[in-house]
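Once you scroll down, you'll see the structures, which are given as structure tokens.
The same chain A turns up in both complexes below, where it pairs with chain B and then with chain C.
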Partner chain A sequence: MQARHSIFRTGFVHAALIAYTLISLFPVFLTVINSFKDRNAIFRAPLTVPTPETFSLIGYQTVLGQGDFATYFQNSFIVTVVAIALVLLFGAMAAFALSEYRFRGNTLMGLYLAIGIMIPIRLGTVAILQGMVAANLVNTLTALILVYTAQGLPLAVFILSEFMRTVSDDLKNAGRIDGLSEYSIFFRLVLPLIRPAMATVAVFTMIPIWNDLWFPLILAPAEATKTVTLGSQIFIGQFVTNWNAVLAALSLAILPVLVLYVIFSRQLIRGITAGAVK
Partner chain B sequence: MSNATSLQEGQPAVRRPKRWHILIFLLPALLVYSAVMILPLIETLRLSLYNTVDGQPTFVGLANFQVLFGEERWAHDFWNALKNNVIFFIIHMCVQNPIGVALAAMLSIPKLRFVTFYRTAIFLPTLLSFVIVGFIWKLILSPIWGVAPWMLDLVGLKSMFAPWLGKPGSALIAVSLISVWQYVGIPMMLIYAALLNIPDEVIEAAECDGVTGWSQFWKIKLPLILPAIGIISILTFVGNFNAFDLVYTVQGALAGPDGSTDILGTLLYRTFFGFQLQLGDRSMGATIATVMFLIILAGVSLYLFVIQRRMRRYQF
Partner chain C sequence: MGSLQLKSIRKAYGSHEVLKGIDLEVKDGEFVIFVGPSGCGKSTLLRTIAGLEDATSGSVQIDGVEVGHVAPAKRGIAMVFQSYALYPHLTVKDNMGLGLKQAGKPKAEIEDKVGKAANMLSLDPYLARRPAELSGGQRQRVAIGRAIVREPKLFLFDEPLSNLDAALRVNTRLEIARLHRSLKATMIYVTHDQVEAMTLADKIVVLNAGQIEQIGSPMDLYNRPANVFVAGFIGSPQMNFIDGARLGDKSAKTIGIRPEHLGLSRESGDWKGKVVHVEHLGADTIVYIESDQVGLITVRLFGEHRYAPDDIVYATPMVGSMHRFGADDRVLA
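On to the complex of A and B.
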């Protein structure tokens, strides 16, 4: 009786989870399969996979021919990689200072850096734009990199200093006795040990930067500095009635996220589950 | 070791040379963070007290706020955006977070198979950009394509279909539900982690006392994961009152139809940056940003000083 009850319950749980999984995956699946079909098939049978008769790459040809997606990808890539590198380097240095040394104002400094975890940087946009205009940085990738570095730092410092507290004091003191400078201790002893935490922070920092629409729209809307997110937004806006092109552009925009997710999903999920413990 | 250091610090540091390396470690982060985040934030708050009078920036006190809350044209837009934003938040709290908790509760059932697969799949939409999510749903809900009516037909509800995104009465709900679809992964993951953290002994003790299944969830697990629910609530609050991208991609900067999906983020964008015939207005933009700041600050303070303090935490 107990066993039958439990099988029934497990069955129900699986049914509910499968149903929700379908809800999450279906829209993505629908977009991708239809991007490979000709226009008639998209409308006649939206839910079937492309067959040899309906298969068509016309959408992809339009996108790659019209939009300058290579530049957009390059811009997004540069901005994301440089911002992550700066967040990790500056964040780890600050986290090390806060977790390793006792000095006056330590707690206050930690709190000051933590403000940015809760208060979104977007609220300062009016003055950020003003500052970027004054510094002649509008429509440059530098402006975006600076903003994203500032945006990513608070959480990075918070997570990394939690991890730095777990690095053994004996190891660092042994290094000090051997005559290593504080800088060597940081770069040669501590950094290699917290590499897993750095990977987690990198993934967390990357997603909002890659997907952001607000700052590219305001700080760098020029053709030469458009990111993929802004580029596809504008491209799709112009080609609203060309369904092949829209679906192909969407599929192309999903692709990098999907690839990264497949590579990093373990890291990301472990990061979220570990971070929530505290 | 740490004791020794604190003892040293008790006396004014005379023996120790100035520790420049601390400053050098802190400096780059402090510089970027202060220059690009904190100072602009303060400057924005300051700008909300100024306006251009006869071509000169002049201190006007709270006059901008009076205009925003009181003058007919501004007040109508502002209160409309605020009301929509509150509804947007309520829908997230009532739909997204309960679904997240339910999914997490199912995923955390011991010895359930395919958990990793479900988890990975359900979290996927969270990673997609608003542009992708917005357009995909716009296509699906579009009456031209007909996917949504066709799906409803499968369950015999075809008559229910309406162009939800195009009707003022339902557009806000539709946009909120799209956002829920995208973000349900976050509460799911955080609650899932909190549930996994409950020690087996607690569950075993409950089972010995005959508390199983539903009542176990309500009486044992739910109280233990309340702190995590508090965290997701405040995250939802900050995220919602700062939202912009999804409405912008689905409904455009005018947040149509007829302003029915206008929230504070889109209002800020239109006011500050200008749109179509409307010219950008820096002072009013700063004023709206300040109001958003105060709303978010109030929410975060309420959470930190009232809710989090009262919440009982269990140490295992």
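On to the complex of A and C.
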């Protein structure tokens, strides 16, 4: 009875998860198959996979032929990777300070940082633009990196400080007795233990940055600093849209982010943390 | 080397005072155990000695040197934690050697000391393993090894056996006792388990609610408890406490008598009562008796005895085994 009940339950859970996976993946699937078809086929039968008659690489030829797409990819990649690195570094440091040390205004500081989660950074676009103009950072990748770091920090601090609290005090104290500095304790004891949380934060931070159109459009629309998302927009016109090129660009844009995701999700697997403390 | 002086140590979290003026002297080579119920401040006191917590006031001296503002690593101490606190991503060898490596000792010396400690604790086969691949007892031995390698003036143990199962606890207890004899080091040990305290200590410090209740050798505390708290805390099963008035003693508020100091007979004796419950432990028989004269008392008999609930029995205290406590709960001379 017990076993049948649990089989029914796992079956239901799996069905729900599979359904969700299909719903999530369907648009991606549609994008990818249509990127390999010619223009007529995209409109005539958008839901069919490419056949020998409709197969076409025209979209990819257009995108890669534009030449600048390599630069766009590079820009997106630099911005995303550097922003994630900064978010993780500063987020983890702030989280460590908030969870480890008792100081005046600790709770208040934590709340202040958490407010960043609730207030969208886009509300400050005008002020950010003015600031970037004043700092001479318009049309630089630095501008994007700074904005994305600020955007990612609140959630990172919030999630990481919760995880930091779970790291055993005894372990940190053992480190102190062994003569590790507070920085070594942070980098050598605490960070390895919260790697899964760091990976989670990295994924959460990465997706919105990679997909963002708003800030690249406003802060760095120059040819040399365009990101992939912004670059793809050249194929979307007011009257005519080059769907082959748009779909091909989007399909290509999935790849790097997929690679990053695989890298981070491997870190999600715990293992060495088991048995550290009972 | 290896002496410790505590002078009126106080520690408060906000308005809540955890340690209320602790004075203590530990001589070189002594094995001192802090014992007390949970929340009595014994771990806080140990952490204060280690430098992991700052005392609100008072002074901590190791070897006559004030260490109040010295970092834990520079105090010449080593600590073993209840949760082992091994570095999960380092091998056993690196776990044990990290302290020396941080202190900038040459590789050969670290190698040598780790080897010796591993040998002492029979950890040689496990040096290349990670903590996750060890059993609980092995992990605790690694933690002890990490402390030995540092050759500290003071060993601090924070309930090191609490996470081990009963059999392993006895083994590790023996190991710690052996270690103390061979290293002749000063050890301070925190536990809530009075058996550990009685078996290991040269000197037991009984703490309660942030104060020292009594300091003495295990037999001192057993034979001459200074107050009701110590009398009740040391000894198992717990001492029987009887209202002084019930026994016609006008000066003593409470009279204590240990269960093993009561004799039992079916024919005659001082206190008549009915058996409520019997526990047969093989080596001992614990008999609970409800007596009209003295209330519920526990009697511990050696060997096997055939008492059953509802039997009528007579309990008689042995001569000179009564502890008399006054109205302030202190022992009466």
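Methods note: the second predicted complex is superposed on the first by the 202 of 278 C-alpha atoms of A that agree within 3 Å, B and C clash if a C-alpha of one lies under 4 Å from a C-alpha of the other, contacts with A are read in each partner's own complex, and residues count from 1 in each chain.
One rule holds for everything that comes next: contacts are C-beta pairs under 8 Å (C-beta built on N, C-alpha and C of every residue); 3 or more make two chains touch, one makes a residue touch a chain.
All values derive from a computational prediction rather than experimental measurement.
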For A:173, select first, second, both or neither according to whether it touches chain B, chain C, the two together, or no partner. both
For A:189, is the partner it touches chain B (first), chain C (second), both, or none of the two (neither)? second
Residue contacts on chain A - larger count, chain B or chain C: B
Report, in rising order, the residues of chain A that make contact with chain B in one complex and with chain C in the other. 173, 272-274, 276-277
Listed in rising order, the residues of chain A that touch chain C in the complex are 168, 170-171, 173-180, 184, 188-189, 192-193, 271-278
Give every residue of chain A touching chain B within the complex, in rising order. 10, 13-14, 16-18, 20-21, 23-25, 27-28, 30-31, 42-43, 46-47, 86, 89-91, 93-94, 96-98, 101-103, 109, 112-113, 115-116, 118-128, 130-131, 146-147, 149-151, 153-154, 157, 169, 173, 181-183, 186, 207, 210-214, 218, 229, 232-233, 236, 243, 246-247, 250, 253-254, 257-258, 260-261, 265, 269, 272-274, 276-277
Chain B - residues contacting chain A, complex: 1-2, 5-6, 9, 19, 21-22, 24-26, 28-30, 32-33, 35-41, 43-44, 47, 99, 102-103, 106-107, 109, 112, 114, 117-125, 127-132, 135-137, 139-140, 145-147, 150, 181, 184, 189-190, 192-194, 196-197, 228, 231, 234, 238, 242, 244-245, 248-249, 265, 268-269, 272-273, 282, 285-286, 289, 292-293, 296-297, 300
How about chain C: which of its residues touch chain A in the complex? 47, 50, 52, 71-74, 77-79, 81-89, 98-99, 102-103, 130-134, 136, 139, 146, 150, 158, 163
